[in-house]
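Both complexes below contain subunit A, partnered by subunit B and then by subunit C.
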Partner chain A sequence: MTSVPVPGLAAVSPLLTRLAAERATGALLRDRGTLFLEDGRIVHAESPSTPGLDVLLTTGGGLAPERWNEALSEAGATRQVARFLVDSGGLAGGEMEICHLAAIFDAAFFALSPGSGPSRFRRGATHWIGSMRSVPAAAVERETRRRRELLDAVWPYPQLDTAPVVPRPAAPGQIVTARQRALLARADGVRTPADLAWVLGRPAFHTLLDVRRLAAAGLVETPHTRPAPPPAAPLPDWMTQAQSPDVALLRRLRDALEASL
Partner chain B sequence: MVNVETALKEATTTIEGAIGAALVDYGSGMALGHVGGGKDLDLTVAAAGNTDVVRAKVRTMEMLGLKDEIEDILITLGSQYHLIRLLKGRNSEGFFLYLALDRGRANLAMARHQLKKIEESLEV
Partner chain C sequence: MPGIDECLLEAMALPGARGAALVDWSSGLALGTAGESPVGDHETTAAETAELARAAAEYESFAQPAPAAPPAAPGPAGSTGGPAGLPVEDLIVTTRTGYHVLRFVETSFDSSVFLHLWLDRAEGNLALARLRLRTLAEGLVLR
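What follows is the complex of A and B.
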């Protein structure tokens, strides 16, 4: 690993970098998600933009919802839900760890999305899922950046990520895989990629990527509206704060302009 | 309990000729864990690239109308074997193990068998 800063690779979240360096424990709350840290390493992440581990394991996996609920009621209070699911035979330890890791990186991608608003840190806060595995904050930041670049490399239309997914008929002889068919079958022209992630029980980033690939292949409509203009630099207070105009100054200005004509 | 790191360590220490191993998330192209590799073989890059290999094979099978599933994929280089093994558990579909082997030292049949055992250990 090199620690030389690469131009254009600004820290995804300076606060996260600082918390990792000071080996903090607690919850980093951002607009689009929360990262849970233990000794500066990320042990869990969740985001309203993506299905949680419960959906991934039940809808997307083979876990019966009753087993999840049982684990919540039995081990939620002691914050050992993940451990309980494994120990009670609900699912294999390896599978739990794999799914949890995938969920962490998925939620972190949204929690760390640009413009995600101010960050707050609640020191000492932990999550009831319990800690299974931890990942370095730097790895999460690196992966978040890679994912952003991957989406744009596949098909650079970010408006696809939030617009309803509208399927297009396949060209004669065009191949649609089973995984794509499952997504397209549920794309009713109303559901967005995030909605589809919930229905399919798949991580939301994976669904964004699938939708971009489908759009690149012409199997999903690419929205024709132009991408929203980048947010303008914030205007200084003296422009936005309503103040009564300085009438005397304006009059002097007008008189001076008239005099110079 | 077998976790990802111990499984990957087992792959690189017990399989003869192993250069590196990774567990890859097919949906994102990310290595959830990797062991070995070193400067000659960047396993995070290999993870993303081999996701495209798996996707291409899935598409080809679809084209051929083969109603079957991939157990593993072997790529033979001049000096290495690369072995991709898809996980089959109900909760671990969408992930694969990736193993790079030194062709001169590896026993391919043995390596495939051992990798299968390691895959199973993650799912029980």
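What follows is the complex of A and C.
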């Protein structure tokens, strides 16, 4: 679990490494998410694959949606939404930091996933949430790599990340924890791990990890990719090539049919 | 209205404190660290303590559901979710050379975080550290 440099995994995003080195400020846009940098450090991240801060904070009832909306309208234009939520007493400072950090690492995991496409950098762009805490880009890259390895160490079936979650009955005497029960109760065979993250108000990576743990424990079906159909062995020519019809036989058949009418 | 850094710094001010961290036990991520780690790498320590915390927080023998919580009935104390508090408050591991205190932090949203404090066995005061960590964990979520 130490961070031994593994060949091929060295740079999650070479562009991010470069931007961090030149202490850039702006938004790094990729297919699966956006990282916001300030002086080369990551201050915010968001991804369509992960529930945003609003979902994480309001789902459990800890923050009323009206307070979130109020913060947006009051402090959105000045790009101080997070600060406003804390200063107005909607949320404790520590809670805001905990939730914001969770959201940053969660979104970064997907934004920096392999196959997230080419990167573009919009220099100077900032996010309306404002900055609370910043994280070194290298720490985010390291954590993203650790998370990928963790998922595969738990149960190496990446198909689980995108397939609908199908619960399986627990074995007699098998322990199902409270958090697992909450997830399983909402796994209706249609919702994917991402859908469950939204419903539960938990980070998407946490849900992926929980689903892998559940699958390893046999409490969730592991979808098996159908084995690729074996390449159809070409049939020999003498089978496939149409043979010239036996004209004499056809004629005799016709004659016989006509005779029987 | 202390943040993560202030909270960890205060924990480090305890006698015999050698290292402190705020860790997410579901993923094993260190949200903040201070001082040193027993293995020289805070990320490794976070991942290892997270496994311990997860077991304690999830196994039913320790983490029994609150008795007064009928399912699907909106409780009177709706804003805080669990009025009874977290089922597990802290974990203490005593080693040959030190103490480790893991204090769970209750937030108003669905999270899984705890404070980890590593104390020197000779200089540390376990009782004091336990009380102090409780105050610090509450301070993190104090509005």
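Here is the rule we use: the second predicted complex is superposed on the first by the 216 of 261 C-alpha atoms of A that agree within 3 Å, B and C clash if a C-alpha of one lies under 4 Å from a C-alpha of the other, contacts with A are read in each partner's own complex, and residues count from 1 in each chain.
In this text, a residue touches a chain if its C-beta (ideal position, glycine included) is under 8 Å from a C-beta of that chain, and two chains touch if they have at least 3 such contacts.
Bear in mind the structure is a predicted one, so any value in this text is a computation, not a measurement.
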Inset, instruction - Check subunit A with both subunit B and subunit C modelled on it and let me know: fit or clash. - result: clash
Inset, instruction - For A:H206, select first, second, both or neither according to whether it touches subunit B, subunit C, the two together, or no partner. - result: both
Inset, instruction - See if subunit A has more residues touched by subunit B or by subunit C, and give me that chain. - result: C
Inset, instruction - Could you look at A:G89 and tell me whether it touches subunit B, subunit C, both or neither (first, second, both, neither)? - result: second
Inset, instruction - Determine, under the contact definition given at the top, whether A:L63 touches first (subunit B), second (subunit C), both, or neither. - result: both
Inset, instruction - Look at A:A102 in the shared chain and tell me whether it touches subunit B only, subunit C only, both, or neither; answer first, second, both or neither. - result: both
Inset, instruction - Once the structures are superposed on A, label A:P48 by its partner contacts, choosing first (subunit B), second (subunit C), both or neither. - result: neither
Inset, instruction - Considering only the touch criterion stated at the top, classify A:R133 as touching first (subunit B), second (subunit C), both, or neither. - result: both
Inset, instruction - Please write out, lowest number first, the residues of subunit A touched by both subunit B and subunit C across the two complexes. - result: 57, 61-63, 86, 91-95, 97-99, 101-102, 105, 133, 143, 146-147, 150, 175, 177-179, 202-203, 205-206, 209-210
Legend entry - Touching residues on subunit C, where the partner in the complex is subunit A: 1-4, 7, 22, 24, 26-29, 31, 41, 43-44, 47-48, 58-60, 63, 65, 78-81, 105, 107-113, 139-143
Legend entry - List of subunit B residues in touch with subunit A within their complex: 1-4, 7, 23, 25, 27-30, 32-33, 48, 55, 58-59, 62-63, 87, 89-95, 121-124
Legend entry - subunit A - residues contacting subunit B, complex: 57, 61-63, 86, 91-99, 101-102, 105-106, 133, 143, 146-147, 150, 175-179, 202-203, 205-206, 209-210
Legend entry - Parts of subunit A lying in touch with subunit C, wherever the complex brings them together: 1-3, 56-57, 59-63, 86, 89-95, 97-99, 101-102, 105, 133, 142-143, 146-147, 150, 175, 177-180, 200-203, 205-206, 209-210
